[in-house]
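In what comes next, chain A is part of two complexes: it sits with chain B in the first one and with chain C in the second one.
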Partner chain A sequence: MIFKYDVEGGEFINAGVASSEFKKVLKQLGISPEIIRKVSISMYEAEINMVIHANGGHIEGEITPESIHVLLKDEGPGIKDVDLAMTIGYSTASKTAREMGFGAGMGLPNIKRNSDNLKVSSILGEGTEVEITFQLN
Partner chain B sequence: MKIHEIINVLKGELICGEDFLNEEIDYGYSCDLMSDVLAYVQNNVLLLTGLIHPQVIRTAEMLDIRAIVIVRGKKPSDELIEMARIREIVLVRTKHSLFTASGVLFENGLLGEEITHDDIQV
Partner chain C sequence: MGVLHSVTLDRERCIGCTDCIKRCPTEAIRVRNSKAEIMDERCIDCGMCIRVCKSHAKKASTDPLDKINKYRYKVAIPAPTLYTQFKKIRDPNIVLTGLKKLGFDEVFEVARAAEIITEYSKEFLESGKMIKPVISSACPAIVKLIEMRFPTLIPNVLPVISPKEAIARYARKYLIKQGIPPEDIGIFFISPCAAKVTNSRYPQTIKSSDVDGIISMKEIYLKLVPIIKNLKEEDIEILQTASSDGVGWAATGGEGLASKIYNHIAVDGIENVINILERVENGKLDVDFVECLACTNGCLGGPLTVENSFVATNRMFKVKKYINLKGKTRTIDLFDDSVKLDWEYNLQNKQVLKLDNDMTVALQKMGEIEKIFDTLPKIDCGSCGAPTCRALAEDIVRGNANIEDCIFMLREKVRNMAKDMVSLSEKMPPSIRHLEK
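Right, the complex of A and B next:
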């Protein structure tokens, strides 16, 4: 099963709508609360990143009997140094992002901690792909 | 502590969630940084914050947080209140600072959420 979401850029008020919708789907499917929590935290962090840094993008959430796979694609500026972006406390977020309680450099490390696999691929000037996998068994 | 007890000791004002005042909350987490809330909260917490951006409600939603105390007497927007109402999240306002509100609740038996990450060495 694949669920697709469009994320608007710059819409800080709507940031998180996709994660909220996907969370509802997981609940309806009877996925365990522990997994739902991990998926929700990770997807929300990644969705916020997409709004803050990349002017929105697209998200696909795929659910199979074995795993949940969340793929986020944007056409933003890209990440110059992915390893640096993975460092706790490193952030390039705007003042607006900080005012809404984000931009502390916790997002990607938090996704890594909550998921079974995180892959970040980015090309400067073209965009970023974030793939997050959660095993169900 | 039950939510109605929390409101009582904080001399707080209930904004929404009147149907859930008998729910029990074990831990408190006080923070204006939603990134930290997402990173460190594990349990059934009461969130205390001075931030009134709608993302506070979204953060609470992702973590199944049932109640939020807004400190320093800040007034949330109608939009934020509506978001909380739809998600059945209790919203309370108090005039206390973040420090004082947390202290009052701790004194009355609400435990602090412990930071359990192995990568933090102090």
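Right, the complex of A and C next:
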């Protein structure tokens, strides 16, 4: 089953609505708290990334009895060097975003640590796709 | 299990409006047959419905004051909020003396135990045994909220009993040591809220409560006013044992302030609490201690209080200042090492919101909910008795409601039926069709 969410860009204060909605779904499905915690942390990070860097985008969360798969697509500037972006502490966040406490360069590494699989594909000038997978069994 | 909450409905008064269903933070109320019905397993006793009901149909089921007469030695344990309810009173000793005049043989302040709990919690926090941020367990409505909506945060909740429970235990031990027969002792908590009633009647994290009864602050207030009015200067006994730190617990931030944990956050109002807990769940709150209180302005805003919570907050400043400058306290040795302050049971992930035990079935049901939700008007009017269109969709799938409960859907069905009738009425049997030109 797939749940779709639109994420608005530049909305720092309200960021995290999609993650929050998805979390509710997971609780209704009786997913274990350990997994919900991981999904919450990862999806929120990824959603925030979209808000900060890509002026929003779309999220699709797919749940099967075996796994949870979150796909985040944006049409933002793209990531120049994906490997570098995965490094702890590296960030290209704007001054405004940093002033609000975002942009510590912990986003992608944090997602990686809390998920079973993370795939980032990006084309400069076209956008980025982030795929996060969590195994349920 | 049965009913594990203390909010009840006066069916005579309920007019079946949508005020409470719309404001309930856990969507625990539905209107059925023109009366509000509380879904027992979802109610967290926050008291929001008591506060918003214009018909005063929602009540907290406290004990009547007469219940104290069942015991030979009557003990009052007032919540510190009580001190802020009276217009010109700054000295807690006046209120405490008033309680004795009302019929209690002894009074022990919950505020005193709050100080002990503060120290104990601090040790817990500094031991490094807990996942940070540690969330206070002082507000029972919040503990229930976490259990229901934030099961991921159960390990963060401080497993320490409440000040009310602690003072009841200390009081009982102390009085027995003084030679009072145990069966004579009746300990009564004077409560600002319904959640603390439930927490005493159906304790979840301890085997049994030492509190014998809970009296609403509203009821006590009405009886105390004339007594206090007639109290002479020389009548006032020195009964206070707590300092301003313990008394301060009643207000938002009081617990954190008393503990002097620098990196703490204090949140009140259930919506704000939900926002902050979401943040903790997302791993985005870099603090050591989170104090969450369901009511605006903390216990001072409890649904069983009398005074406006902002006014009460102002009075709290004055009461604390009085205690610090002129307060008189008595010294009694309440402490007893045999009194344990830890929870005896952990919180459980009850999965109240779960659609089905089998995930495949749960997913199927989730699909049905989405499908039904898509057809609904999405204006959350509440006419169906559910707080939102999504809640109605869920109720339908859970087998507790019908699609026709939605007046828009019903109207559409009636309209379609009317169309069918018109078109049917235009049909003629072949034998007489020539009569129609």
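Everything that follows uses one rule, which is that the second predicted complex is superposed on the first by the 137 of 137 C-alpha atoms of A that agree within 3 Å, B and C clash if a C-alpha of one lies under 4 Å from a C-alpha of the other, contacts with A are read in each partner's own complex, and residues count from 1 in each chain.
Keep in mind that, in the parts below, contacts are C-beta pairs under 8 Å (C-beta built on N, C-alpha and C of every residue); 3 or more make two chains touch, one makes a residue touch a chain.
Everything numeric in this text was worked out from a predicted model, so none of it was measured.
Trainee: Quick one: is A:74 in contact with chain B, with chain C, with both, or with neither? Answer first, second, both or neither.
Mentor: It touches nothing on chain B or chain C.
Trainee: Report for A:63: first if it touches chain B alone, second if chain C alone, otherwise both or neither.
Mentor: second
Trainee: Tell me which partner A:12 touches in the superposition: chain B (first), chain C (second), both or neither.
Mentor: It touches chain B, and chain C stays clear.
Trainee: Quick check on my understanding: which residues of chain A belong to both its chain B contact set and its chain C contact set?
Mentor: 16, 19-20, 23, 33, 37, 40-41, 44, 110
Trainee: Would you tell me which residues of chain B are touching chain A in their complex?
Mentor: 32-39, 49, 51, 53-56, 58-59, 61-64, 79, 117, 119
Trainee: Considering the complex alone, what residue numbers of chain C touch chain A?
Mentor: 149, 151-152, 154, 278, 281-284, 349, 351, 353-357, 359-360, 362-363, 366-367, 370
Trainee: Provide the residue numbers of chain A that touch chain B in the complex, in ascending order.
Mentor: Those residues of chain A that touch chain B are 12-13, 15-16, 19-20, 23, 33, 37, 40-41, 44-45, 48, 88, 99-107, 109-110, 113.
Trainee: Using the touch definition up top, name the residues of chain A that touch chain C in the complex.
Mentor: Where chain A meets chain C, its residues are 1, 16, 19-20, 23-25, 27-30, 33-34, 36-37, 40-41, 44, 63-65, 110.
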